[in-house]
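Here chain A shows up in two complexes: once beside chain B, once beside chain C.
The block that comes next holds the complex of A and B.
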């Protein structure tokens, strides 16, 4: 079985690289072990949110120049990174995902805990502010669904009040959610989203209208629209004021929607999505990867001209940590130096953790190596890469997307 | 110091990070709020059950055993297996007469084929269906597959067996209950296609039902007994040099994976010799070992449905690739979505509404596709789609049999390559 390009890993990085590849007319396959971290998506993508302990709002591209040369953004080059990332919003739009924001200046998103944090792109339906001053003097109605515990109105109120807003908190109910209340465990975002469709959305709109009377904006948990954004649009059309959503604890309903939208877009373009399978090993010819074997395909390998590995970090099993070593499980790719186990972490939980910077080392083209020898037709992208702490920098999505688009341009030429 | 390097819990349940992604993709959770969802029914509940069997929830019976939770799991937890193993181990409900009858396909099939015309006529009568509904709780909306007057094995021994000996290369065919008792045509189609490719077909010695229905209905002793018999027959076939092919994705999956996981039958020596016919045919064509030539007057618009167990096997691409090789075939890939029947599950009155609710988006997509027919490797999906979407369903092997130009194919395979 042959493809032009094979993408190992079906998360954000893999999906974007695969879409670009398939759109360029290359026969592309994605092999994905399980559903991805997009299922926990906050609704925002970050480019650079924090540098040297300071929040980045203005001129994120200029601030990014201060990153070390080994950082993925610097390896690609900041101007080229900006050019690649400018393609993201239109690409997501084609897949049916509407995002707002700009690389010129970060905006603020409102976290479930009530904090304003910088973001580059945010899903259209989520709460956004260009500046905290926009919040001052505003009246928000924070409306929860009765019995839903994965949403924290008090935290949100505290956070918004700090910036000069005034908030009311209320909880509403609609009869269409009654079946869920039969069990104590069923009031969960993804379960609720299945019931919040069609006439249930209309009932919800009526209740939210009443509960938010007198307010400038309504704030609601993101529990609508797991498979399409139609319920969100339907709800917003019936409410007399702007309605904005806040992320809930997992799983993320818009996150599932984003994953499925990208996957389905890839398939519509003619791509092959192979779910529930894991690449076990690769066969090389000198410095070229010729074919890979997967668990399900057994003794029938798949060949390709180029491969992209975007298997994630520890969460996605792109990297595995044992008692005594960290390794990349598919090919045994070279990682950066980690030292012994005691060097992997800082005992202070909130300090930057060294293991966050662990990952696969690559050449200037983002090609990884085996025992010091670069693999000519394999590209590594996303969280798998070494050389950055996405959590502290607020750079995870930007790196994932920039390296994916960079790899895609290589495998399409 | 001897450090535990790898996770050794049964079915990997300790690897569960409680992310709940499995529950997002569970077809039952979408329609039945009484079902706790795969996370809670599976690895989450297992922690409680290991402490005290009292925590077993009978609602686990709503699990379809579709394994879509396992396909979605980022951590390789065998969620479906955990749930089925718990049902086997902890449920106090004995299988009812209805469950035993539905599960004993060999017995029911043998009885029914002996009197097929009468059985088929009777099972179609409304009053009979109402009685089955009231007495046995088999939903009266359900249509039954027709029984054949002649078993596939009978036909094969009479009409095909002798000719097969002439082929240098042979495979053994695990036909399953559906082909044997209801639809021998599919078996005939397989023989036609494989013979045209220059491959002979043999029966297994003493094949029994794969047992998937027995496992689902908790007739475990019977399933294990039949499983041992099947493995014995399969080992015999492998020893004489045959690989074993199936045309049913569920039979194939059961023989390979459910036997070791749920029945504790060790099959590691033969597991890799059991595959779907479409995988075998694809491999032979892809390697250049055989050539296949299709009729140029074959024009059909075909929608392919992914059976749940096919998605779990990960072999959809072999069936779809073969269909796409047919020049006149306009191929539509339906969204991978459970049809809802889950074998005997959809016949039961208490499940019928959920069964239909689960499949509803699929039926809609099929009706809107304007296809001539649906192609699908699972026979119970076939019953469900034919009943609920009103479109006929063919196994990909039957599509190949219809589209193949036998003479040209035989010619292409007889000349030295």
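The block that comes next holds the complex of A and C.
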């Protein structure tokens, strides 16, 4: 099989790079094992949320200048990063994903535990506030679905009350959810979303309307719309006040929706999506990667001019740690870390963990190397990259998207 | 569900491990007005951090035949009175090619002398009945080992004590003693929930605080030479072996692999540590490497089994009073009458021993207390089954019916035995699973919160196994926190407790932070710190 560009990894990074590549007229394929961090999404993308222990709200681009030169944002250059990232919202819009926000200033999202955290772009249906003062004096009705234990009204109320709001808590039920209750493990977000369609949405709307009477806004768990946002729109149209959603513990229904939307957009553009497959090895000619072999295609090679590897960090198995070394499992790419496992972690769970910064080292064009030799036509993006702690910085999505768009521009020229 | 302490007791018991709980049970069964005070939570000490091995005694048959006889007697008693806490797995003592096969003959002989029934097997037969064992073994002896769950065991003792009138209080630490002349008349307690101090009076006080009993004795004005001996162990992600596997050689490090429920535990080590480390122990990389290396000799499959977590417990080694140098360690149970030993009336220390001789230790301490109180009642703890282990006249019917039970009902029965019926499930919502790895329902969580002295997630974990499965709290801890908060109604405290719980889980995971454990931990961090926003100090 032959393509112009092959994207290894079907997460946010891979999908965005692939969409841009296919849109530019390049015959593009994604090889994906199947998982994506989007399935556990908070509902927001972060550019930069925290620097030197301080929360970033105003002037995130200016604050980003303070990052070390080795940081992906600085390698690309802050102005160029801003330019690349300005393409994200319109691109998502084309895939049917509506987000709100700006690079000029972070807004706040409300976490499931009632904390306010900075965000760059947030999915349209989620709760967001430009400033905590917007919460002061507001009356919120926090409405849960009875028996759903992955949503925490008490913690949400606790957080909102601290900013001067007043909240009521209630739980509602609709008969269409009765089949789910029969099993002990079925009241989970993804299952509920399958039942909350059509007339069930109308029943839900009626209940939420009643439960939120007298409030300025209703706050509900994000369990609607795994395959499209139609149930969300249908619900909101029938409720007399704004309804905003809060992320739930895994899986994220809007996150799955987002990933499927991007995948379907890629396929609509003519892209080839190869799911449930893993690249086993690559064959090189000098410093160029010529072709790859996958588990499912066996000895049938897949060739391309350019490759992008976005296989994620440990959790996505983009990186693997044995008891005595860390390695990149597909090509054995050079990493910034190998041996001493006592240096991979900090004993305090909430402190920055060194392993978060482990990853593939790259040149100024984000091309990785094998035994010190740069691979000319391979680009690495996203969480697989070395040298930053995206969790502590609040930069996961920004790095994923900036490096993906950067790599896409390289493989499309 | 904690009573306000009455003013005057017959017996005050300090320490909520197996020994303290067992003593409270024995005292209460003999009609003594009893109170048990535990500074943290039940099983917070060595009881919650040992190997969970129901010894046959074979391991001690050569070096300490008296201990061995004690062990096998208690082994048989516990199989009867603590049925729902025990798994009768049997065990094997296996000889590897590099070990001396003569040791096996000596072992068999010594077991016979100690009253432990053993069978010598053809090694090939042993490999057949236990496929996980090293196939190269040159000798195998089958012994009546088993595994025992110390959490269930202690909870059952506490429940029985309470049912027979004992008061039980946790998070109350002894900070001093009340004396009258040369007699202990009571203890001063600090309540760790609110800092309040109270005094309770009792005619006899029993120090059952394990290694912390050294400090308790000092507070009372007596000295016991104790030495903390740390033991490290590793828990594997699934149950690799079905029978306990022992190395047939002179007892050494890491030569026992115990199956327990859904996992296997390799242990242990023995290192003297200073007293200031007993509350902050860490498992070192060297200990991890040793446990894995030796464990793989017993069962090669361990080399590619996920290591779930590492933990350490501390044994109270007691210096033999008869040795003036203070360096010779007492074997077996140590029961000290401080009146005879130190001229201090009304004070007893019960220490040393092992998990499975807890009942005998409790019996000795209670006998001594009764003597001081002039009470003549016999000990019945070896005859009366613990709550949850009562024989079921409908056993046959129940066993047939068990196939129809859901996995979560079976899991709950495994934990609470015949007392599972006390878990009230009033609706489908109550049946919903909070912890999917260990199959813990909303109803069971509520039961534990209401009936089993649960104040926080760590207590909840000990009583129900929530967070002990392969996800190590990743998916269930926040659900547990949400349910606890409904009872507690203090969200700030509940969220702090959730953060503490995740820190405690991490403490056992970072020593084995590679492979799938590292994957899960990274995911957990993104979920709890990223999505949830926990641990951001400025928020």
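Basically, the second predicted complex is superposed on the first by the 410 of 413 C-alpha atoms of A that agree within 3 Å, B and C clash if a C-alpha of one lies under 4 Å from a C-alpha of the other, contacts with A are read in each partner's own complex, and residues count from 1 in each chain.
Keep this in mind: a residue touches a chain if its C-beta (ideal position, glycine included) is under 8 Å from a C-beta of that chain, and two chains touch if they have at least 3 such contacts.
Since the model is a prediction, treat every value here as computed from it, not as a measurement.
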item	value
Partner chain in contact with A:202 - chain B first, chain C second, else both or neither	neither
Chain B versus chain C as contact partner of A:94, first or second or both or neither	neither
Partner chain in contact with A:216 - chain B first, chain C second, else both or neither	neither
Partner chain in contact with A:250 - chain B first, chain C second, else both or neither	both
First, second, both or neither for A:348, with chain B first and chain C second	second
Chain B or chain C, by number of chain A residues touched	C
Touching partner for A:303 - first (chain B), second (chain C), both, neither	neither
Which superposed partner A:83 touches (first chain B, second chain C, both, neither)	neither
First (chain B), second (chain C), both or neither touched by A:4	neither
Partner chain(s) touched by A:115 [first = chain B, second = chain C, both, neither]	second
Residues of chain A at both interfaces, chain B in one complex, chain C in the other	40, 182, 185, 250, 315, 317, 322-323
Partner chain B, residues of chain A touching it in the complex	1, 33-36, 39-40, 179-180, 182-183, 185-186, 188, 190-191, 194, 226, 250-251, 256, 264, 267, 272, 274-278, 294-300, 315-317, 322-323
Residue ranges of chain C touching chain A (in the complex, touch as defined)	282, 285, 292, 406, 408, 427-429, 431-434, 436, 441-442, 475, 478-479, 481-483, 485-486, 489, 491-492, 494-495, 499, 502-503, 505-507, 510, 513-515, 518-520, 522-523, 525-527, 529-536, 538-539
For the chain B and chain A complex, residues of the former touching the latter	3, 5, 19-21, 23-25, 29-30, 33-34, 36-37, 40, 70-76, 272, 279, 283, 286, 311-315, 317, 321, 333, 335-336
Touch list for chain A against partner chain C, complex	37, 40-42, 50, 53-55, 111-117, 146-147, 149-150, 152, 154-155, 157-158, 181-182, 184-185, 187, 247, 249-250, 313-315, 317, 320-323, 341-342, 344-345, 347-350, 353, 355-356, 391, 396
